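In what comes next, chain A is part of two complexes: it sits with chain B in the first one and with chain C in the second one.
This part shows the complex of A and B:
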């Protein structure tokens, strides 16, 4: 066997933390991880947030983000321990032998410079290629990665291309200096599923064609199964399991890996529509001030009491705008909204307090939806005071009941949001909306920012609460697995229109329209070779047409 | 229409409106001042008849609105009126003074702006290490000492003790450029020390803010050196806030140099204004106020326009 390109031995990484109310101190976030990566191979690093996977990826370039420091171990690249190398040698390695693709290309491209200047910069600066030669390589890569107009796209600025295109440009940036190793750090996480599949395939082919080795970091096991030869499962800075992709996906040994593989095991029986919907959205058309096109076009959907309507679509489909119209934040230009047997005022100012109480909302980013200077008790207690004028010991009793309902309990009442985990924060937001005893809650991407296992817990909680409180959910999401798990009816949105609408079983059964078919078939499956199958299938179909 | 053209046109219109508003304030402010110009010209012994005649002559019996528009239209045609105290044409006296003030401000800016930005870049590169701390300490100390004190200190050491520069900054048209520069060396030094800290701190803060961005990390991971990362990737995105603070300081160099001009007996606008305020020479005060307002508004408009041009999203729309 040839010498490994990357050899990591007993890698230990530390960071300084600043917990509220305590002195800053150092903690260890990666506790001695070892692995090998042979030339031309792909190793998937997988784990939830806080597992240390990005930190390990950056350590292969001897880089620590923020206050992160590599405290021990060895990182050998091409036969030398880079942790013992002087800074000058490390700089010569970065951007030449090892390159990096980040999660958000939109943030990782300098907004003030042309794409081409940034793509060739490392190759030219590290004297791998001359400027002309590097630009030629970049154009070849643009074309290989399936970018439109590969000869001229480099002349654009980052804001002039779409997110999926920019992510491919970032891959071109990483491949341009002809590196031996590329670190891909969640390169498709921020993309829509239909875009993800193209970028994923482009990355996979680029890896295969250039023979470069890769560390592929992601929280999505189904994605990593498509591109990697080996997988290492990480949790809280420890290695859980390390093996061939086939073994990890099909025969996981550790319980944690099994949980990751079988995530989304929620079963939810579809309910039949009732005669009288709680919310009836009729022919809503809306546009934002200053835009010259309608963001919502003639949208009509119903939501029945105690049921869940999933509104699914990609970014820009208008699903969040629909929530803004229903809550009154954006008055529609046409159409009517009936809620609980009455017609709602178009704008927020015309709504009664009862309207506000019965229609609550939970947001994607739980931490910015709470006042960081208020305790959990104050946050949950506020709607009790505001809507019901409940105060004193009665209020406290009710807050504790709500905390029990969201499975947190009384001990959380005096905590601040900063002392809660992401999942706990979202639970507090759920309790706050339940405190108003609403008929309906709009859930806007409430699990998107959470790790899969935590998100699962939130979904289970929401379903349990629906049974107890008989509350209806309008569930906005881009994640089809979530839709399957919780919905009774589904509205698929595309470019401001309702593309497909009906009960869950109707919407998810063939025959499909083209867009729904594309959307459904783009969701990565936990199956080896799935990516190739889908792409081959699509090629055949387009050839047939 | 290209959005940049539209935005720039907007700034131009807004600046003009702002200048008009400022002219109203200046006129109103000088009109409601207590005291009577005619009285102060003729002195305590004036007879009621001569006072009435002079008021008539000065147009002071017209309504304020009429007087304002007369003054404004005259000013627009370059006629700032005549000084009450010496009867000379204000535009003429101001012209020489203003060019002196601009000369001083120009050289102070030429030295202080690049120096401040360079020091800011160095401070970012060596953040929290000794060069950063030294730069911060020296510039903050120089901004904390009153400018007249710095002026007298420099005068004492460099002019009186060492005799390198003249202690009084006299210039006239007969002097060559080098002579003039030697003459204004001390006030330029004082002004540089006064404005340096503000611009340098802002440069440092603006770039450090950008240094948190993901694209700076990308640049570091390309193996670029510290300075390359700062000037290629961080600085171009920090231009807008830096230009704003630079322009405020340039405006200060023009309109805020009263103290320095008095200390060095420099024949600029500041001294001229102070002289005539004490003599209650209203037309001169109005003229100076209008010019100062115009300089301030003009420089801030330039800052706005540069910020607009520095934004690639506006320069290159989708």
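This part shows the complex of A and C:
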């Protein structure tokens, strides 16, 4: 590495924070990070949210997002320190030498312009190519990235292609001006697992064919292991470990890296079904008002007391709709739901207070599931007051008990949700549903918005609580690793139907139907060369295509 | 309360001054409200600080009493409009469906008639007393509050915590007052400042047109009307209440701006 393309030395980045009730002050969010990137190599930046990985990625274009300032250090691109360059030079660099692929292609494309216009814009603007030439190059990239109908897809608008395809269009956009460096900022995080593989493979091949260097930013170590040559692990703005991919994955040195590598190591013994299920969903068919097709088609599943039924599927498979039907928010057009030995009313208005109490729900986004103007004590205390009429010191005692159960403790009782971290918020939501002493809790993607280590903690907590409280979980998720970790039975959903249903051991052992096989094989594994192996053995196109 | 910007401080002081003056009118005013104490349109002197009006009453005393009436009517009308407007709006947002449709279309209907014309028609067939004035103004203004409050509440009512409250089986009163209201408060308070000023302008306009506060009661719009002929002769008596209206409007707005800035910053808003 005699002449690196990107050389970062002691990079320091600061931001101004505005804590309520205090004077705004400056904090440092990246504390002196250094690395080199040789031409044609891929460096993976990995860390949890708040680790500073995106901030570092953008700093390599001399850009600070949302009030973030680069306060010190050097960033050398192609032999010049861009932090000291005048704005005019930086402007010439962005979109020509360094380009950027963001997490949400859907939010980054202008919905009013055709894809082609946006893909060639930077290349034409920076005078790298003429318009005709750039379009020609874009079409080549489209076909390289495996997009269907590469000659005409550019004439479509962003909403006319799927999420995974749009993400690939964005990669084409970044590669079109023949940059030396591309910054990929979580390009596959928002995609379904089966789609993620296509995009990952496309990105990997495009990097190999065009010979660009790349910074690949993600929180998923298994993903980064597939595409990068080197990996840098970041935590709270500090470098934890920096080394070759093989070394990081197979022989991590630091404890934090070891924890990241061994995440999802929960062992959970499958329980046998009981004669009396607590929840029995029978032949449910449902559709939303204004749609001309059924979102759920003849769904039948059982959940046994004190056990976990995982409902797995990709976005659009109808798994969240199933939750809405069970809670009564969406009355089904056909079918019946039996719960705790009685038949539930189809809509919410017809359910008794006892029905509502025994069937609780935990949401994906804990921060919008709690009223920001209520303290933790009020949030957890309300079900106690509402269902059991417990008040005063007795209520406080019970709230503290619940806070202890979720491993937070008494000091949290007067805090507001804004003062909690993501994992703590989710714990408070768990305590709120436990306060009602439910027979069953619907967990709707409760760990998807959390960092892997935090999610692990939540899953362990849920399993422990299941043992203590003997509560059943209907666990909705798209993450098969989670399913393996906690479920007793599994229902795989695909296009509104239950594709495969049974105990965990049955569902997860062959022979598989094509869809389950695709889904299972798409879960990124923490080993080198996994991506190529999977793509070679696929039987079915991914659902997003 | 530290770090009050200078503009908000000025606004706060002036607003407080006007409200104190309104409250303590009988104590501060040098003469009675309708007392004729001098000649017509006397210039300002040590005896009459702002001079006298078109029939020889002390202008300062009339302005102080007039401010009392104007501010009282505007405050009462604003409160009435906020209570009816926001409660109806929250109700519509939480219930949705035909309740929302009926209420919203009714409000649209009222709003399609120019407010001033509507008020003039109503007031010309009803006896013009202060309570009626307040009710008419308050109800007409509540349509504007309804629109804002409904927009805010619709946003909030799709939040998961509201859904969680529904699933818990909470009554509609809890959902409106405990889940939605605390989160809708900041835009509503900022709007309240604006609405108050519109109410001041509205009651002044009505009085100027002769359908608001009736003489000999004083109010700022009425004083402008009584003294408007004086402008031709270079008498400033009609302009002084206009200045009072303008300064009150600006100072309340400065405060409202500050409140809006402070509260939206919680959600990462401007400021």
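General observations
Convention: the second predicted complex is superposed on the first by the 534 of 545 C-alpha atoms of A that agree within 3 Å, B and C clash if a C-alpha of one lies under 4 Å from a C-alpha of the other, contacts with A are read in each partner's own complex, and residues count from 1 in each chain.
Here is the rule we use: a contact is a pair of C-beta atoms (placed from the backbone, for glycine too) under 8 Å apart; a residue touches a chain by one contact, two chains touch by 3 or more.
As the structure is a prediction and not an experimental result, all values here were calculated from the model.
In the superposition on chain A, A:111 makes contact with chain B only, not with chain C.
Judged by the touch definition given at the top, the superposed model places A:386 against chain C, while chain B stays out of reach. In the superposition on chain A, A:96 makes contact with chain B only, while chain C stays out of contact range. Using the contact criterion defined above for the overlaid structures, shared-chain residue A:220 touches neither chain B nor chain C, since it reaches no partner. Contacts of A:369 after superposition on the shared chain: chain C is touched, whereas chain B is not.
Within the complex formed with chain C, the chain A residues making contact are 18, 20, 23, 327-329, 348, 351, 353, 356-357, 360-361, 363, 365, 368-374, 382-383, 386, 418, 432, 436. Within the complex formed with chain A, the chain C residues making contact are 3, 159-161, 163-164, 166-170, 178-179, 182-183, 265-266. Of all residues in chain A, those touching chain B in their complex are 58, 61, 63, 65, 90-96, 99-100, 102, 104, 107-113, 118, 121-122, 125-126, 156-157, 159-160, 173. Note for the complex: chain B touches chain A at residues 213-215, 217-225, 228, 233, 236-237, 310, 312-313, 316, 318.
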